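Here it is, the structure in full.
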């Protein structure tokens, strides 16, 4: 219980630190949202009035305190630019982000796990070499270049998928999946490589273990040994990487969201920064930090589920 | 040419001819097809950025894309035709008193807002009084300064009382801006207008999911019978230019708004696409801060004007799809040669030698591909003249801030566009101008500005305006980066699009040839 | 005499290593009758484990078995079997106990499932049947409270118990041959004897043949019918166990004998290390591979490799030009 | 074990691959990197136009046109010249950002892993805070405050990779600090600084250098992505990422504008990755530690 409590405290401190850091950094920035809000034809007097309206007159610490108090009441404030409640804006951008994360990571798993298993089972086989060469290739190009190629062939030439845009789930499962396919694949093309490498190298190590020899001595078939015996003990690194990937995609898939015009949190954040809409940026940062921390926690829980021996406290990274 | 001819698309020959003749093509569409408007269908429009908002006070300024929705959901009292005459919309007629200080406007009867509120004099008066009330701090109110009051004469008559005769009154109520469109007083009062606009227009606002889509649906009770043609209109913000064009090609958008030269040229070559263009006022510019050295010295500004090469920028950056301009008017009035300073490196160097000190400048530009490219070209051009230019890419709001506070040397700047640029230039270039951010002041300029503001004679006024243009070039107040020309790229089956004085897809006029297309292949 | 259960004939295992070849096992031959125990003894790296893995068919992927080596199990030449048929023997008719029970059990799988696995796979038992049988097996290998222990993870058991579990796994399908590769090396001295006795008892009860591998001659004494001493991949001396202990002909065997830790008096144990290093299996000397470490080596030893010859006494064979005199001490 | 290290165990155990020998591909990769490095250093001495020199009449010229070896970009600038100068940016950022990351992350990681306890807890909070902080905000804000210069780009990318490097160093340090020779050094009376400098640092350094190579590839690609968002270095300094992003516009008609820099970046990052992979093989650093 003390362990859980300690970890919880750690998570709270991290979230507080991230949001405070955001406030401090945004406060460093020259200028203010008032100018972005007012447009080109406002006078200095108008700007001052808007400044007042937006509550930007207070010192940063006071504003942070007010903001924090608001968050505790479940109020993330309103966008300085559009006046829309931040929570509402984030909620409307979450579905695309969550779906993108789920789909991208699903593709990542679907490719990385089988390839990792096969590569590790037959190290240095032609398949293994092909896949690791392919992986090197894919991680050597910026993601947007890959996405461009995908759009060019699969959307413009073959017309299999829409080139841009997001069809919400309410538009039907099929259009929804189709609209997210290319963005998710663009992300997965790089992510699977990283996951596969980690899984493969851990699997190779596991396959050297005596208990694998013992399993083979039982006369079990290869797939059984790989899936039932080798996979689970080899998932620690992969779980960590998987968690990091999910964390990064929440608010971090800006380029893909921009390229495919998806209404995701990353785009909301980017637009917020460009418009100096601090309330929006702050809300997004909070979401991202909470997501990161929650994923971390889940990964830790995952370690315990994977290995009955993990019952110790502290972060499993140690 | 002829081999490509195709019965489905008669205007190919016309297009070819136009291109061969190197005629600037303004409206490059097919003549209305013989079959006439068809009801039904859904139109998806890809736009550059998301909307800002639709309440004049809450939104604070009109976003570049906002007119698209504003003019589909709400309506003005009058539209303006090309000659500047009022064309009745929500009003029936306008008459002015002999002294020119009172305008009486008769309103259309039997019109209702989408929320059921009747359209009447109260709605118009409420809207205008709200804008004029200083407490509400409507940012455009200084432009409305000549209006004394707006009052209700009877249920369907309103009276505008002016402080003095005002030549721009017609433009003010007929232009496509925040002040001229009439919102539902109920929606304004309930404070929902900004995010869910309610008006009397051909389309009813359905939903707006930020960064994703804004959906309009056909107004079944629209007062113009038979209009609009489309069932739904979807605006999708697609900030990436390449993505926007891909969306058009792949069929996720039926029309897109773009200013990317390569895409416009590509669309012209594409038989499934049509290009609609229109020029408007308010050029792109590099604004000089004339209040601080070294740019307070006209010789330096003139040198930079000669070092600058607008033709090259237009060619390289826009692929020749926007006009090279020498005045800020977008064609009306046409001033001809106004002493524009052409690219002349020798002259630039000569002027700088006269100035005699090394010149190093900073350019604050918006952090967009467009801003970057213009900056890079300027950097190279100035370097050839011996001027060092540092580029500072900034968020748009930051550029505003620096310019408004005079914390800049050169900045990328987009002058606002007005059908009549006179009053705006008066504020921007006059020595006491409210939005004169360049710190420029000259008696000659003030004289021309005063003349255009007070003159009631069209010819004299044109002369004064052209005098302004000439003085801009003479004193090198700012550098032209090209004129404003908007381009709407649409599929050929999108009919009824026309050139407007704004980059607006007037969806109220649009129909889809073979309107059943949408039903057959639901995308 | 009936047909032998296992015949290993001129078996070699070659492992390519870079551009050289490691001769891990070099032309080893022996036969094993049903119900008998053969002990394989030698230093680590002498090829015992590779030999076992060759019989199981569990060699590393790059290992080669050059002709004319053959392994015949119950009259069946294993070399001609397909991989799947070979796998059908493993666990079913040949069981294997690995050296280190700590690592031989899957740490993230309950032991019950690990015992049940071969039965479900080879015998097609249902989950319930396999579980009941697993409990019986756990009892048979001497684990108390088998019903609860079956749901333990390996880390919840002691080392000795884990080795019993490994033995239970190997016995699950009632194999005809049990290969025990250093089954007690990793265990406490006190537990070693228990496990060895357990193996012996089970072997008797089930009439299994067993190959018992050890680096410790002491372990073998009294537990194997026959003992083969391996050095550098070859069998250098082979005899019925009692005969071997009575008349050691190889100096290497004698050195191994001297290295036996005295169980009865650990404090006085004379751990006589054998001088020198075990040879590089990729570059074996031309003559006797033990020659560089042999006190008695002469020129002939490094020129010509001695063949495994019988000394004409009770199936005792050895490979040495200058064997120890019978009854002599080294 | 045998003297040659080629016994059964050395060869059979571990995740060893064929990569113990360097192989032709490895040397090819080294040669390419060396070529890029030499060209980057000597960029100014080649008979090429300046990277911001505009050929007023040849925009998006094909390779070979008008004396432009690799053609020109949208604004008529020589692609070959821009590639050479862009190589400076990529190599500078690719080399220095991981160094900054390693310096900051390594210090934090070693202190946390060595002292554990309260210091560790504090440092882990710092690391977690940095990891949970959206990178985009960091990169954009640095670009805002310092402008998008080469320096600020390198600094911000360094800060972005520091926390993950810190976690790796921390884990390595913990492992090393538990070993006997550390205990021995402590018993011999060495103070903390001496142990960190003499015992831990050398042991952490080699694996870290390999990770740095991995990071180098990542950072060069990241610069490319930032170019897409317009956040790469400011003009007139060309960067590969910026070149790819600019060429996107004319991808359909003039693919070479985008594809040539993309190919160069691809080959360079591939070379870095291949070298890193081989070195990891030699040092037997497992990827799962990443």
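Chains: A, B, C and D, in written order; residue numbering restarts at 1 for each.
Following the convention adopted for this analysis, a residue touches a chain if its C-beta (ideal position, glycine included) is under 8 Å from a C-beta of that chain, and two chains touch if they have at least 3 such contacts.
This structure is a prediction, so every number in the text was calculated from the model and none was measured.
Common neighbours of subunit B and subunit D, by the contact definition above: A. Averaging the CA coordinates per chain and comparing them to the mean over all protein CA atoms picks out A as nearest.
Most remote from subunit C, judged by the distance between CA-atom centroids, is B. Across A-D and A-C, it is A-D that has more C-beta pairs touching. Between the Cα centres of subunit B and subunit C there is a gap of 89 Å. Remark: subunit A and subunit C have CA centroids separated by 52 Å (rounded to whole angstrom).
Separating the CA-averaged centres of subunit A and subunit D is a span of 22 Å. Among all residues of subunit D, those that touch two or more other chains are 144, 245, 248, 251. Those residues of subunit A in touch with two or more other chains are numbered 30, 148, 258, 273. Contact of a single residue of subunit B with at least two other chains is seen at positions 242, 367, 395, 398.
Residue ranges on subunit A touching subunit D, taken from their complex, read 10, 13-15, 17-18, 21-22, 25-26, 28-30, 123-124, 132, 136-137, 139-145, 148, 152, 197-198, 200-202, 204-205, 208, 236-237, 241, 247, 251-252, 254-255, 258, 266, 269-270, 273, 281, 284-285, 288-289, 292-293, 296, 315, 317-318.
Subunit D meets subunit A in the complex at residues 13-15, 17-18, 121, 124-126, 128-129, 131-138, 140-141, 144-145, 167, 170-171, 174, 217-218, 221-222, 224-225, 227-229, 241, 244-245, 248, 251, 262, 265-270, 273-274, 277, 286-290. Interface of subunit D with subunit B (complex): residues 52-54, 56, 59, 74-76, 143-144, 147-148, 230-231, 234-236, 245-246, 248-253. Residues 30-33, 35-44, 46-47, 49-50, 81-84, 89, 92-93, 96, 148, 151, 155-156, 159, 162-166, 168, 258-264, 267-268, 271, 273-276 of subunit A are the ones touching subunit B in the complex. Subunit B meets subunit D in the complex at residues 241-242, 260, 262, 266, 312, 315-317, 367-369, 372-373, 375-377, 379-381, 383, 390-395, 398.
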